[in-house]
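Letters A, B and C mark the chains in the order given here, with residues in each chain numbered from 1 onward.
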Amino acid sequence: MSEPVPPAHRWGSLQKTANLQLGPNGRLRHFLTLEGLPRTILEQILDTAQSLVGVTDRTVKKLPLLRGKTIVNLFFEPSTRTRTTFELAAKRLSADVLTMNISASATKKGETLLDTLRNLEAMHVDMFVVRHADSGAAHFIARHAAPHISVLNAGDGRHAHPTQAMLDMFTIRHHKGEFHRLRVAIVGDILHSRVARSQIHALNILGTGEVRVIAPKTLLPSCPESLGVQVYHNIDEGLRDVDVVIMLRLQRERMGSALLPSGHEYFQLYGLTEDRLSLAQPDVMVMHPGPINRGVEMDSQVADGPHSVILQQVSFGIAVRMAVMSLAMRSSEAIARDLPA
Amino acid sequence: MSEPVPPAHRWGSLQKTANLQLGPNGRLRHFLTLEGLPRTILEQILDTAQSLVGVTDRTVKKLPLLRGKTIVNLFFEPSTRTRTTFELAAKRLSADVLTMNISASATKKGETLLDTLRNLEAMHVDMFVVRHADSGAAHFIARHAAPHISVLNAGDGRHAHPTQAMLDMFTIRHHKGEFHRLRVAIVGDILHSRVARSQIHALNILGTGEVRVIAPKTLLPSCPESLGVQVYHNIDEGLRDVDVVIMLRLQRERMGSALLPSGHEYFQLYGLTEDRLSLAQPDVMVMHPGPINRGVEMDSQVADGPHSVILQQVSFGIAVRMAVMSLAMRSSEAIARDLPA
Amino acid sequence: MSEPVPPAHRWGSLQKTANLQLGPNGRLRHFLTLEGLPRTILEQILDTAQSLVGVTDRTVKKLPLLRGKTIVNLFFEPSTRTRTTFELAAKRLSADVLTMNISASATKKGETLLDTLRNLEAMHVDMFVVRHADSGAAHFIARHAAPHISVLNAGDGRHAHPTQAMLDMFTIRHHKGEFHRLRVAIVGDILHSRVARSQIHALNILGTGEVRVIAPKTLLPSCPESLGVQVYHNIDEGLRDVDVVIMLRLQRERMGSALLPSGHEYFQLYGLTEDRLSLAQPDVMVMHPGPINRGVEMDSQVADGPHSVILQQVSFGIAVRMAVMSLAMRSSEAIARDLPA
């Protein structure tokens, strides 16, 4: 507890995190990664989100489920968009929300990360939503959090972005009903994408018929097949007969680097057009985590076309985050009740 | 929908915005400009604000009118003061408020403005409060917003600042009762002032007896009479017998430029002093949108003197913004109910 | 009212502030400093906090005491940690909270501090929580605030930090019951510490048996005995038989200056270790206002050891701030009721 914020390799092991995520009752306590979670937990999240979708359509979009709870957004990496979705989800559950941009405050004064956590815990907060540029940061925080605290991973390095993956699963289930007959293709920079890693885990846990990844070799991890996917380097081959296409966001700062051609060249090779989309099933769904680089990952006709469910993903994202928050809070409340006072 | 944030000349026409502002039922749906609005709408805003003034004096300053609604402050231009008044108004109506500083977030990642809007709409927000350095930005957003969204203009370029003008009208009506016998003088940089443009529209719509503008030629638009005002270049002549003096804020960054002398020189020519004020009616009201440059637009004896209603303007501003928010929300709710689900 | 933000020496006298702090009914109206307050007020704060401690342990950590009230954090000096504790306290009392970073907004536009206050008052806010780098800033604001406004000092220059001192008193009373038999030592940079000044006042008002300060001469004011303390330059002598040790935070920016050796050297001379702590009473309590510089003020064995109550201080801090907020609000409401409408 005496060192400053540990460097990336010091966050510690990401193994056996399923146990860390589930409470003694087998219920979801933290939500850090999909890897290792049982299918029942994923289905519980999807079912809970389903019951909450109606709330965001109502005139009064508010439920008292988390009234009197305090949720702290611990954003070590800025992300207005992701912060907004978690903040909206929390407010619609009637929670109080504090947003802390950690780089700009406590650590400046030489406070260690763990001291910051201990202090927030002492203020009786109930949940941390963590965003960090380092893989493993959310696990580190969950491993050291007090028993009554839940930790949600809102994206850590290249590792995981589990709420994004679950809103994608929700959107697929909403349109396709079940997973075991589906062919799903993920297109783009698999290597650097925490979203892709979480999607692949989720799709496999939910028993998806076939999961494909479509990317140049430079944007794939060394043994992609070990993830449980079919690998395609040619997008026309990869899209053939798929039911769902998930486009990944390309980081502009990587374009034009050694790994990646310019945005224009990338679009020639891997961009989604109406022509390419016609190779897939007639009722194919097109997804993207946003924000879209139009003319890079896909052209606007596809982004705004009849197969796109991109804005639905955003809508469902609020309900899915509300679901994860209320499930995790219920679980940590149960844990807190069993503890000696 | 495929281009980045459009430049100023691309925001599109500002004509025929009255139709854009009013819903099919003739009720206020967006609040973008006063130009073209019927007098009945302005009076409805003033009457609604009158019924809300009492709320801000109560011990519990909260009404449940917008409970469960989400209002997003879209501030493309920073303004703590204006943001604060809208945020307070929203919270006193029990709404949830999200503040987004757009320049610092989404557009950095190359997301287009319309994609940002579509995303926020997909999160089921109910109202945008827009502040932008470009004239026409709020209209652009209103023209492209989903049917269930209301857009309020919190100041766009040199074009309009309608809630500021309406709080000024409220303050005048509070003290003077009616408009048709009044002489009102607006003093200062008419050319660059969105506040002045909105005030002139409001005063004329409400049937003010005489609207004067007092300014050097360099701070007037080319055909000021076409706005429906009397033009004075000499402040002593312009102030004679007026019932209301509205001082405009001088932008410090413009002082000492080719258009404008130094603050001190400006005060000699156009600054409001007790001597000059004695030329007006004995019960003249002095107004200013704030923050005052003391010793530039007016001296402190006037700003803090018995004719000043400047702080009342601020108080009434909360009630007027609450009124506009609740009227626009009621109207868009009615629209939403008539839409197919 | 015509000048810009006054320099430090212009904030005016800090004398006779007890009268300023207490309303005509003798109840707490502002909370600026402990100097001159009667013991009954301090005990009322501690008793009220005691009744609120339970709230922060409940599942629903919310009371409706300040519902419909607006609290404005006026932070002229950034402090995420202090702002967070006041914001949490306010939200748990159901108040609406606005945070304004003054340096970055109104004063940039040339608005005077008093104009900013007048404007916020006109918006019918109820309480200012003030943090400022200049001693006397909170008094200045309280002296000029409207009768219905309460001002809480969240730290002004080297002058006072009264809520921090009261949470320290709460923690001591919680563990030791009463003050008159206690020996309390305050260790560190007494000269620059607003926390130390407020602690010394509080300890003396509450009748503490013996108050010691332990510091090098360079970090003591010129006549420390006049504060009502025993002075020790040697920590081993100063710690002998004490019941409570309060470590002060060392400002890193002062380390290595003419006044202060490096952090390492300071630790050799004044750092708290288990060895040194063994000179105190067996049940000695170790306190620190946080954030700790581990290895400078104390080592981690002490900070995390069995005598440390540092995290309890943080927990109690929320209840103490809730207590001060609700007492001050109750008092200013009573004042407001007696005023002519």
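The working rule: a contact is a pair of C-beta atoms (placed from the backbone, for glycine too) under 8 Å apart; a residue touches a chain by one contact, two chains touch by 3 or more.
Keep in mind that this is a model prediction, so the values were computed, not measured.
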Query - Superposition rotation for chain A onto chain B, Cα-based, multiple of 5° - result: 120
Query raised in the report: Shared interface numbers for chain B and chain C above half of all numbers used, same, or below, different?
Result: different
Report summary line: Whole-angstrom distance, CA centroid of chain B to CA centroid of chain C, is 41
Requested in this report: Could you tell me which residues belong to chain A and also touch two or more other chains?
Outcome: none
Report task. Using the touch definition up top, name the residues of chain B that touch chain A in the complex. Result -> 1-2, 67-70, 96, 98, 100-101, 104-106, 109-112, 115-116, 118-125, 333
Query - chain C residues within the chain A interface of the complex - result: 56-62, 78, 80-81, 84-85, 87-88, 91-92, 252, 290-295, 299-300, 303-304, 311-312, 314-315, 317-318
